[in-house]
Amino acid sequence: MSNLSKLRKKSFQLLEGDIYQSLIAKHINSLLIALILANVAAVIIESDCDISRQYSTQFALFEIISVFIFSIEYLVRVWACIEGKRFKHHSSLEARLRYMISPIAVIDLIAIAPFFISFFIMIDLRYLRLLRVLRLLKLMHYFKGFNIFLTVIVKELKNIAAAIMVMMFLIVIAASLMYTLESEAQPEVFGNILHSLWWAVVTMTTVGYGDVTPVTILGKVVATIIMLIGVGLVALPTAMLAARFGEELRERKRNLDAEVKDVLSDGLIDGDEYRELKEITEKLELRPEDLEETITFLKKGPYGGKCPHCGKYPLARKKLPTKE
Amino acid sequence: MSNLSKLRKKSFQLLEGDIYQSLIAKHINSLLIALILANVAAVIIESDCDISRQYSTQFALFEIISVFIFSIEYLVRVWACIEGKRFKHHSSLEARLRYMISPIAVIDLIAIAPFFISFFIMIDLRYLRLLRVLRLLKLMHYFKGFNIFLTVIVKELKNIAAAIMVMMFLIVIAASLMYTLESEAQPEVFGNILHSLWWAVVTMTTVGYGDVTPVTILGKVVATIIMLIGVGLVALPTAMLAARFGEELRERKRNLDAEVKDVLSDGLIDGDEYRELKEITEKLELRPEDLEETITFLKKGPYGGKCPHCGKYPLARKKLPTKE
Amino acid sequence: MSNLSKLRKKSFQLLEGDIYQSLIAKHINSLLIALILANVAAVIIESDCDISRQYSTQFALFEIISVFIFSIEYLVRVWACIEGKRFKHHSSLEARLRYMISPIAVIDLIAIAPFFISFFIMIDLRYLRLLRVLRLLKLMHYFKGFNIFLTVIVKELKNIAAAIMVMMFLIVIAASLMYTLESEAQPEVFGNILHSLWWAVVTMTTVGYGDVTPVTILGKVVATIIMLIGVGLVALPTAMLAARFGEELRERKRNLDAEVKDVLSDGLIDGDEYRELKEITEKLELRPEDLEETITFLKKGPYGGKCPHCGKYPLARKKLPTKE
Amino acid sequence: MSNLSKLRKKSFQLLEGDIYQSLIAKHINSLLIALILANVAAVIIESDCDISRQYSTQFALFEIISVFIFSIEYLVRVWACIEGKRFKHHSSLEARLRYMISPIAVIDLIAIAPFFISFFIMIDLRYLRLLRVLRLLKLMHYFKGFNIFLTVIVKELKNIAAAIMVMMFLIVIAASLMYTLESEAQPEVFGNILHSLWWAVVTMTTVGYGDVTPVTILGKVVATIIMLIGVGLVALPTAMLAARFGEELRERKRNLDAEVKDVLSDGLIDGDEYRELKEITEKLELRPEDLEETITFLKKGPYGGKCPHCGKYPLARKKLPTKE
């Protein structure tokens, strides 16, 4: 193994490995997170004309330093990506090209590209700022294996999409109705269906700015019905998600239960078994406390002693009791 | 079987059968969905005076083509409906008349009728537009067997209606109270109870336009109490639905569990059994993943081996182990 | 039994008994409900000055007839109340006095008293109207044994009160903070803490009228934090209620399960047992469908056949199989 | 034990012990709670200029009395704190110093300190009022062992924080987008990203004041998408909390079940066992009714009689039946 490939492996571990593995990895990643947040803060503050004019040099300097660091980060990531497991069957070039078109690498590129492009093409300052705020998306590097709830949301995307579709359905019907009823009385805000769509969305999400409100009696009666339905619709996705979250949690606990019961079938948990259970707990995205509670609970119950019927360890299988 | 009746059977399968059955059915139905959406988009855009004036010919042409296609669709559906199972005990004429008064056929008729009626009777353009937006309801053809949540909502309709009744109850009391307290200070917006009803609905659904707000001290104190109660009431239907969704999911999983246990009682799942389980899963409106998870889970537990007490397959019944 | 006491018993059954028992009771109660709703509608419409002036005779007549009917209803209820089970250990006079101070009787009295009092004392028209809208509360006669969710809400009243207390706690702190930050910039709307309390309530319930909004930078920053917390707080009671509703449903289903298992221990359900199960289902406020599902489910499982271990009916107790 | 240390022990029990233990403790603590609430009410009312000028003497007197009582309370608490269990391994001085830097003691100090400091340093009246409203936090003395839901919220703090982070993430992106789209049309309200951040927060929490609304077509389209996402995001923490609350309740009931089953293994519950179960119920923060329901339920089931298979008490362990 050459020095270069050692360095590449090291770089990969520092940037893409588990950030809790080494102290240096932790520090480097903390610094990158801080830099991302500082960049976004800078863009927000700089968007104020007075401040931007007064501190223009400082902001420009900070931008150059940031882009420099992000560029190095991007290049190192592209260079070191071939160390990753998912690219081990590809040639170096192919691996790097594949990595470069992955969403997270594109986000990294968007964070730096506008800076270099702006030398050649004039980009409107406001769009440039928007692109720089998108650097916030770089934080996604640090959201790997987030938690159980994201899993459920992804699983339920179809149902959520269906709920949103029903909502849009109702929004279009509501907007057309209000256009029919109010366009004569308020031609400037309900003059066409596009305008009353704005009213419908603002109302059914219960945001209710009040910039557009019905004024005719009939319009108010129909709006009343729409609002009551809107409140119910807002309730729907919550209820759906709550039910699914609950089911998912229950299912995973049941799986953990089964695993612990299996291990406890000889009445003991040895070191290896405990490590294994901990790994399973992590894979199920449950908390370490959940494992402790399950073990405590099952040890007190029939799995902590002998079977009351036959005197044997219940459901005992191939394992022999070992020292804990 | 004559050629005509073959064509009728074919038409029925294309329009009313499972849309995933054949490629042609899929394409025809996709085109119809696209046409419905395009129609609604056209109505929304056309409602803008400037655009409507500029592209009046194009819009008129699109309308004629759409009505033409929808009319053919309607006629074919009426003609072919007698192939459906629910009309097999009726004469052709009776079947078609019964179909024509079914809600979905009425929706199809509403989508085309105004066009033809408008040749004889002058319909206000705004009402015509509303009727054309209702073409969106034609999408209901494609919402058959939607999902588990619709089932629960239909089951819980009584409770939801009760919750809405309680809300209306409180809205009337709140409106009367505010009328009493505010009508002197703001006769133009709280001048009668109908007006303060508007305020009550806007407030209790937490929409809060701000077009009507209390100004007296007492009015604000009472409004504060109403708002706090309103927030609680909005929570009620959500909580009710979440609990029932959860219960329904749990019940269905339990039913699936029981079926899988039954099949696993001989320790094996053969091809026929697996197909049967898949059908049950679909009938219970659960996901295919749910079946896989249940099988994996139960195979690991006592249902995957022999009974530890008596050496027999637990709960073994009439079945003999077969090759999977 | 004299004719009078027969009539009294009849009256009691008609007004207070199960409204589904006899057709006459159903009709009388439907008429009373319709009259209550018509009264409230009349008050709402009458509150409009123009309409009230134009139809003053009709409204007055309707009011006299309504009060006449409600008065008779009240007198009959007081006269017949002694037939009720809860007063069987009291003398007639004591029973009637006790009934007259019960909340529901007071509501009945409030529905008619203002009419008679207004002959002697001048009552402001607006308060009179409010008192007449309260006739809506008479509908409570028909909300007996509502459903499972009311039970949970009553059980959880302590927790809901705690959540509201925490909310009030935060509202007071938020109002004081905003008063400190905004009173200088907007003395007319944040001039004292009472005024900023209005802002805090309108904001934290997410109603957001917009009649009062912070204008200083610091005020907006603090308001942002308050809004994010407010959204979380609104979520709390919903989540609490959803969890408890779910738990209550599960518990009751478990109880029903146990009862059905007990009855099924001899492998059969006879007519008497089925009637008993239906009564238990009703007492548990579950739906008849829940009973059917439980029986179907348990009959398929081990409770539908013999115990696989010992060949006896599982958990069989004193009962003998009887014909269904 | 000297008289002084007896008095100290007594003081400690009165202020820090279970407030339901003695009648005097109950009265003293009720008075302190009343005084705290009266103080906050006084600050709110006093913040009105007219009232404050008219009753300045009364308010000043009330303030002096309050501070006097709170000062005595603070001194007694500091003096008596050494009686507490958590300080029994510290010297008196160390214990008192440790107590004085505990959050609850700091809150007590903040309640009185500003009064004394204001003699030496001029404090702005508005900040002084804010500090006096913070006396409300003294109520935390009486929120010990609140309930099961607080436990869950603390456990879920990480997930709630994650949800808020995702929300902030989207708020920043939304604000930048709207700044890009609207800053030209409305430079005074969308002039910089800080300003549009205000709009984004007000919209995504569904408060919707309406002081800032998009006016361009593109701005409205993007705002529509943001609102629909915002509604979904508000649903997320509720759903998460509901699922976890449900899981926590279920887990605790399961633990209680196991304990009752254990006690019932000999078919009887004697007095000691019942007391023990009540203590466990309290520790699990369940209601006494939950225990009663569990016992009633389990007594009816297999745990109320002998095992149907072997004739022994199911799962019988070391205990012998005793008189209840």
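Note that the chains are named A, B, C and D in the order they appear, and that numbering of residues resets to 1 at the start of each chain.
Just so it is clear, contacts are C-beta pairs under 8 Å (C-beta built on N, C-alpha and C of every residue); 3 or more make two chains touch, one makes a residue touch a chain.
Owing to the predicted nature of the structure, the values given are computational and were not obtained by experimental measurement.
**Student:** Please determine the option from A-C, B-D or C-D whose contacts repeat those of A-D, over half of the contact pairs being identical by residue number.
**Tutor:** More than half of its contact pairs match A-D, so it is C-D.
**Student:** Copies chain B, chain C: same or different interface, half of numbers shared as the threshold?
**Tutor:** different
**Student:** Report the inter-centroid distance (CA atoms only) between chain A and chain C in whole Å.
**Tutor:** 41
**Student:** Indicate the whole-number Å distance between the mean C-alpha point of chain A and the mean C-alpha point of chain B.
**Tutor:** Inter-chain centre distance comes to 29 Å.
**Student:** Show the residues in chain D shared as contacts by 2 or more other chains, in ascending order.
**Tutor:** In chain D, the residues touching two or more other chains are 194, 197, 206-210, 234, 238-239, 242, 246, 250, 309.
**Student:** Please give the residue numbers of chain D that touch chain C in the complex, ascending.
**Tutor:** Interface residues on chain D, with respect to chain C: 40, 43-45, 47-49, 126-127, 129-130, 133-134, 136, 139, 146-147, 149, 153, 160, 164, 167, 194, 197-198, 201-202, 205-211, 234, 237-239, 241-242, 245-246, 248-250, 253, 287, 289, 293, 297, 300-302, 305, 308-309.
**Student:** Provide the residue numbers of chain B that touch chain D in the complex, in ascending order.
**Tutor:** 206-210, 238-239, 242, 246
**Student:** Which part of chain B faces chain C closely enough to touch in the complex?
**Tutor:** 159, 162, 169, 172-173, 175-177, 179-180, 183, 191-194, 197, 203, 206-210, 213, 217, 220, 224, 227-228, 230-232, 234-236, 238-240, 242-244, 246-247, 250-251, 254-255, 258, 262, 307, 309-310, 312, 314-317
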